[in-house]
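Note that the chains are named A, B and C in the order they appear, and that numbering of residues resets to 1 at the start of each chain.
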Amino acid sequence: MIEDRTGQWETVIGLEVHAQVVSKAKLFSGAATEFGAEPNTQVSPVDGAFPGMLPVINRFCVEQAVKTGLGLDADIRLESVFDRKNYFYPDLPPGYQISQYQQPVVGRGKVVLDMPDGSTREIGITRLHLEQDAGKSLHDQHPTLSYVDLNRAGIALMEIVSEPDLRSAEEAGIYLRKLRSILRYLGTCDGNMEEGSLRCDCNVSVRRHGEPYGTRCEIKNLNSIRYVMLAIEYEARRQIELIEEGGTIAQQTRLFDAGRGITRPMRSKEEAHDYRYFPDPDVLPLVLDPEWVARLRAELPELPDTKKARFVSAYGLSPEDAGVLVSEKETAQFFERVADGRDPKTAANWVMGDLFGALNRLGIGIEQSPVSAEQLGSLIDLIADATISGRLAKDVFAEMVASGADPGAIVEAKGLRQVTDSGAIEAVIDTVMAAQAEKVAEYRAGRDKLYGFFVGQIMRATQGKANPGLVNELLRKKLTGDSGGAS
Amino acid sequence: MSDPSLLALTLAEARDGLARKSFSARELTAAYNDAVSEIQPLNAYITPTPERALAMAEAADQRLAGGEALPLDGIPIAVKDLYCTRGVLTTAGSHILDGFHPPYESTVTDKLWQSGAVMLGKANLDEFAMGSSNTTSWYGPVENPWRRPGDNRPLVPGGSSGGSAAAVAARAALASTGTDTGGSIRQPASFCGIVGLKPTYGRCSRWGVVAYASSLDHPGPLTRTVRDAAIMLRAMSGHDPKDSTSAPMPVPDFEAALTGDIRGLRIGIPKEYRVDGMPAEIEELWQQGVEWLRAAGAEPVEIGLPMTKYALPTYYIIAPAEASSNLARYDGVRFGLRVEGDTLDDLYELTRAAGFGAEVRRRVLIGTYVLSAGYYDAYYLKAQRVRTLITRDFVTAFERVDCILTPTAPSAAFAIGEKTEDPIAMYLNDVFTVPANLAGVPAIAVPVGLSGDGLPLGLQIIGRAFDEETVLRVGEVLESAAQFRHLPSFVAGGGR
Amino acid sequence: MALDKATVAHIAALARIRISETELDPLADELSDILTWMEQLNEVDTSGVAPMASVAAAELPMREDKVTDGGCREEILANAPRTARGFFVVPKVVE
């Protein structure tokens, strides 16, 4: 809700996400889909719409779309139709895009959002369909010309349309992150917004609470979650101000200008498009075998929501911690390997704390982690069997990150084994107490705070290797006198 | 000096002659190369390819000598300039494809070359296959080798495969490839006194054939005899994984179906094909056809195809609609003509205005209109529903009969300029041929007689889907009965 | 259906074909005649009849996910009237 001059406003947001399908070849041609190739080196005459060329659909792309639909808990339509969406643009060689209009392959579904306050919110999915991606036009290479690269033309896209159920920029961000997570879990899209494999258009409208939906504007050209959120916030305010000043919202397509943080209307005649959809006569209706769909359903990986619930019940983790660990499939797998046969909360803390900290600092993902799950697990084992102290373990971990070496090897090489020999510790305590006789007296007279000082001295004398538990036990005895009297 | 007597042989006869080594493939091709030059005034060819033809003939001779002859080894054919031929100018009869040299070969022509056939050149056609007179080509009209006796006016060969038909009729090709979207193989075959076969939809691959109307385009052969058509069809047919609409059906030996025996076959005679204003001589020829088939032991059965009269408007909604979308790719960017403009839309609009002829423009505009917002249901969707009914007509009819006999065209060839200015009058040329395109069923046109003013008239046999064998068998019986031995006034080699 | 000049101009714009002012009226008449002729289809009762998009015999065939094409930039660019540094070229589009 946005509070403004005339009362409470509700922002209504629907997102249309275009997710590039992970596949080796394109949706209707055999050209490659690799990112970053030299211009026009991944173009088949079919993609180039040469005379006489015809489309043949890639079965794996269909499979990826169906898996995604299943992962969104959606209806899989066993019969769907490919339509031509007709318009002229240089990155669309045939002058039409093969898409799906009235009968998409996937129908209604849902995405569950994990809200920061711990609640969940269900966002409806209206539909998912397959369509061709367009090529790329470069407008900044020449003063009066645009350059066209068709490498991307024909790559399979899944258009995932949400119901207008989102109510804030924050929710939109959570939705996108969740959607991306699901796609990455399924392996159907790599969710890389910087490379353009995940793009988002937003539909934003505002209304006073209780009123019917307002006129919406579509915002295009959003290639990061942050921009999506900024654009929504700006647009909602823009619309509210306009209405409060007595204006009406014109249904428009707008672009987000990241530099100025605003949305502005598109200059081209986008509004005049009449797409003249009709079923593509070169592509017959897509008919799916229900047994094939059932097999795909059975082979789906465990998805984030289910995994999160399992982490909470099987590992006793808090929903927040579980949520963090399952956001990426690779992280969840890493965690489970670390937690295998160990205390899960300890494993979780190490992964979310020290490991994530190191990865963030190095700017890498968990797949590039210099520390393997097995190595982290070994480190935890060394703490658990008291070979090293928890404090020193952190230093060992830092060394593991830097060198990739096993924790055991590092401990031996640096002589970091914990000292657990009571006699040795007692000797050190005696030495320290003797050297600090005045402070011992002060402590016995009531200055409790000096306790930490003694611990510090002992740790320094033992290069941190003294077992803290033992130190406490023995130090307390000696400080309070062998009689163990209260102090 | 090449031997013009070779031009008198049919494809089957030439095939046998080559096998018997009565002459070489090189000799045969040399004769046909000369024929191509000789009939230049007809403008049937856009791009003759004589050197390539000779090279292909020589390769055929080597195979023939080695005893490993391919089915069409050494047979010189013309290719409608709608088929993409690798490295050879392919124009679709349009200015907008100026200079286009495809880097790929169409599946059908590739099959022909793999069968040993020889390419004489690219045949002229109505622009983008839109027309029934071959007067809309950027490369000028094609003349029918037939003329009315005592009349000097050049006549249309029919269209859109006018060049393909004229070349075969004038004996400047042993056979040719055409495409039939609304009658574009059968009607010119009829106007030129030769055989034209539109196979079942999907029998021959559309990959590499410039698309006009995707759900209606049928590649097929034009030949002198029904046997020749059977031979060509076998070489041109076959499932193509690159064409999603290609039929996954095995290819029968169509020539083997020519048994001559049609006893007991039921021949449907549809009353709706008797149209207003149809010349009496065509009705008479149709009757004569019925008698010939009855004499051969077949049983004529009157049938109804009640949706027939709606086939033309249905076609002229669906075909332009698909064409308007198929032709959007011609925009001056990746191939063909480019007229520069200040803005992107200028580039598109000026290039397409300059590149498309009047008929193409007409159909693209109609097509755009019938698909546009607000009109889609009333026109396009309505037409597709009527199409279902037209197809049902045939399915119902084929429960009672094995094939259907009709005239091919409502008239003989007319003079260039005579009808050609009125679009609707031109569209009516296709009245007998269009229904078979809408239903996707096979049909053959066979020349059977001459009109009062000495021009060829043909009859059409329509068959069940994938039953080209019956269509060919009945067609050959008609051909034998008719004994159509007439030759056009202009024939290469001046033969009789 | 009678088409007026403005409609023809709109359709021509959708189809990206430049039509001169003087051609618009005659073209409007011609197209109107053709469209009117097509309206005989309204006589046909098509209630309950499904539209037919294709007479093709098969189910939609699907291909394997393998790279079998592309990697032929010279061929793709060879017929282009204008190219620059491996790109196709068009008048600049302003967003």
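Keep this in mind: a contact is a pair of C-beta atoms (placed from the backbone, for glycine too) under 8 Å apart; a residue touches a chain by one contact, two chains touch by 3 or more.
Every value quoted in this text rests on a predicted model; they were computed, and no experiment measured them.
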| item | value |
| --- | --- |
| Most centrally placed chain, judged by C-alpha centres | C |
| Chain separated most widely from subunit A, comparing mean CA positions | B |
| Geometric centre distance via CA averages, subunit B-subunit A, whole Å | 59 |
| Distance from subunit C to subunit A - Cα centre to Cα centre, in angstrom | 41 |
| Inter-centroid spacing, subunit C versus subunit B (mean Cα positions, whole Å) | 24 |
| For subunit A, residues that touch 2 or more chains besides their own | 45, 48, 56-57, 88, 90, 146, 148, 274, 276, 281, 283-284 |
| Sequence positions of subunit B contacting 2 or more other chains | 100, 103, 215, 241, 244-245, 324, 328, 331, 333-335, 344-345, 348, 368, 372 |
| Junction residues of subunit C - those touching two or more other chains | 13-14, 16, 53-54, 56, 58, 60-61, 63, 72, 75-76, 88-93 |
| Touching residues (chain side subunit B, partner subunit C) in the complex | 99-101, 103, 200-202, 215, 241, 244-249, 307, 309-310, 313-314, 316-317, 324, 328, 331-338, 340-350, 352-353, 356, 361-362, 364-366, 368-369, 372, 379, 381-389, 391, 423-424, 438-440, 465-466 |
| Complex contacts: residues of subunit C adjacent to subunit A | 13-14, 16, 53-54, 56, 58-73, 75-77, 84-95 |
| Of subunit A, residues touching subunit C in the complex | 23-25, 29-32, 38-48, 56-62, 81, 88-90, 137-139, 141-150, 255, 266-268, 272, 274, 276, 279, 281, 283-287 |
| Contact footprint of subunit A on subunit B as seen in their complex | 83-84, 90, 92, 97, 100, 102-104, 106, 206-211, 213-215, 241-245, 321-322, 324-325, 328-329, 331, 333-335, 344-345, 348, 368, 371-373, 376, 380 |
| Residues of subunit A defined as touching subunit B within the complex | 45, 48-57, 84, 86, 88, 90, 93-96, 146, 148, 274, 276-278, 281-284 |
